[in-house]
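Listed after this line are the structures, all set down as structure tokens.
The two complexes that follow have chain A in common; it is paired with chain B in the first and with chain C in the second.
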Partner chain A sequence: MNPFVDMVRFTPNEKRYYRNSIAPGLAFLAAMAGVAFLVRSFRDEWHFEVLAGLALLPVLPMVWIIKVYIDYFRDCDEWEKLIEIYGIAIGVLLVGMGYFALGLLGLFKLVVLDGTLLAYCMLPAVMLVYSLGKVVGRWRHG
Partner chain B sequence: MRNLIRERREAMGWSQAELAERLAVSRQTVNAIETGKYDPSLPLAFKLARLFGEPIEALFDDAA
Partner chain C sequence: MLSTRSVRDDDRLTPPIQRYLRWLVVSMSMYASLLVTSLFALRKVPDEALLLRAAFGLLPALPLLILVWAFARYIREADEMQRQIELQSVALAAMVTGIGFMVAGFLASAGVIALKGELVAILVLPALFGSYGVAKAVVQRSYGG
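Entry: the complex of A and B
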């Protein structure tokens, strides 16, 4: 089997995980679109508590995705778990370091940071680097 | 760690996927073990030894 192809080829467990992630992923997109529309439309009419609750609705499909991931991780065999841990460690550490570096630049007032954007981008950034970390793990141990 | 998993598997006429199914692991896991990039846990090493009917030390060599 070609090792380079194997680095990016999904295991049956991974295929199941990505398949199971489609529904919560679509729910997240729908929730984001719906919430953006409702909050913009009723910002001046509805109470803050209602708007805040509404704005947090997209968290629910994200929790669903995390549940799907936990189920996937539980079904991983020992080598797959090693690769997952590689991905998670690299994702969290690199993104954490990037945020720390940005924080230093902000602290010394060398750049103006948009905290909202940074907070919103953290999880997607971790997910993206996690995927790259898995390729690194497979390259080293695959 | 060097091992003789590939040789034993081929002697049995099994593909990586078939061996993976017998071990209840992914084919990629079998490939990683065969290429020496991943050392299996003790339970998986015992499973391999039982499957091939040989002691663990006949399959794995930590001298290299």
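Entry: the complex of A and C
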């Protein structure tokens, strides 16, 4: 069994998951673009509360994406569930460590860090390393 | 008498947890002492010696590698049920923390709050540990623990 080949050989559950992710993914991109445009255009004219509410709009499709993932996870068999969680655990630990190391360098003024960018990148970074963790999980658990 | 014995049995730490806790104490003690060492050393090292400063700056991260290794070993040695609880807790904590940081990012980009880069980076791991603790209580409860 090759874990790398298995990554691109989808089960019906995985196919359904990817298909169901398209709509919330597009909604997220549209919300991000719309919010960025509106906040930039009306930053000085609109109230603080309105801007805050608007800035949080992309969280809704994000929650939708997570709901789709939870549905997928529920339909996984025991082995697939273990691999999924293995992937997330590896992703979290590595990204947490990486962020901590970056934070130390930033704290001692050795690098300049952009807080907004770092906050944005945390979840995508975990998702990216999670894919790698899944390969490790499949390899370790045959 | 019987109930006292069963409560004591529940409270007894399993050997994998004992080993993990031992390594946790070792790594946290090392972290604290290396952080102090690094802070003192960085005062003495000149600004031009960038590599040396980076090495001293990253020194406190080394014990955290031990902590990650100890946690991975604990997961490997734990029984099926405990492993399931631990991994589900980590997954839940990752989602909650990830969304939390993303929300902070959205608010910062809209100019609602200001985020300091080094603070965000440093806070990720403690936020994960904190939410993992809460998540573990929730997951354990769902398993009837």
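Methods note: the second predicted complex is superposed on the first by the 135 of 142 C-alpha atoms of A that agree within 3 Å, B and C clash if a C-alpha of one lies under 4 Å from a C-alpha of the other, contacts with A are read in each partner's own complex, and residues count from 1 in each chain.
Methods note: contacts are C-beta pairs under 8 Å (C-beta built on N, C-alpha and C of every residue); 3 or more make two chains touch, one makes a residue touch a chain.
Quick caveat: nothing in here was measured; it's all calculated off a predicted structure.
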Winner by number of chain A residues touched, once chain B and chain C are compared: C
Partner chain(s) touched by A:27 [first = chain B, second = chain C, both, neither]: neither
First, second, both or neither for A:104, with chain B first and chain C second: second
Which superposed partner A:136 touches (first chain B, second chain C, both, neither): neither
Which of chain B and chain C A:79 touches, first, second, both or neither: first
Contacts of A:128 with chain B and chain C, given as first, second, both or neither: neither
First, second, both or neither for A:62, with chain B first and chain C second: second
Partner chain in contact with A:11 - chain B first, chain C second, else both or neither: first
Chain C-contacting residues of chain A that also contact chain B: 82
Touching residues on chain A, where the partner in the complex is chain B: 1, 3, 6, 9, 11-13, 77-80, 82, 138, 140-142
Complex interface listing, chain C residues touching chain A: 38, 42, 50, 53-54, 56-58, 60-61, 64-65, 68, 71-72, 75, 84, 87-88, 90-91, 93-95, 97-99, 101-112, 114-125, 128
Of chain B, residues touching chain A in the complex: 16, 24-29, 31-33, 35, 37-38, 40-41, 44
Partner chain C, residues of chain A touching it in the complex: 35-36, 39, 43, 48, 51-52, 54-56, 58-59, 62-63, 66, 82, 84-86, 88-89, 91-93, 95-97, 99-108, 110, 112-120, 122-123, 126
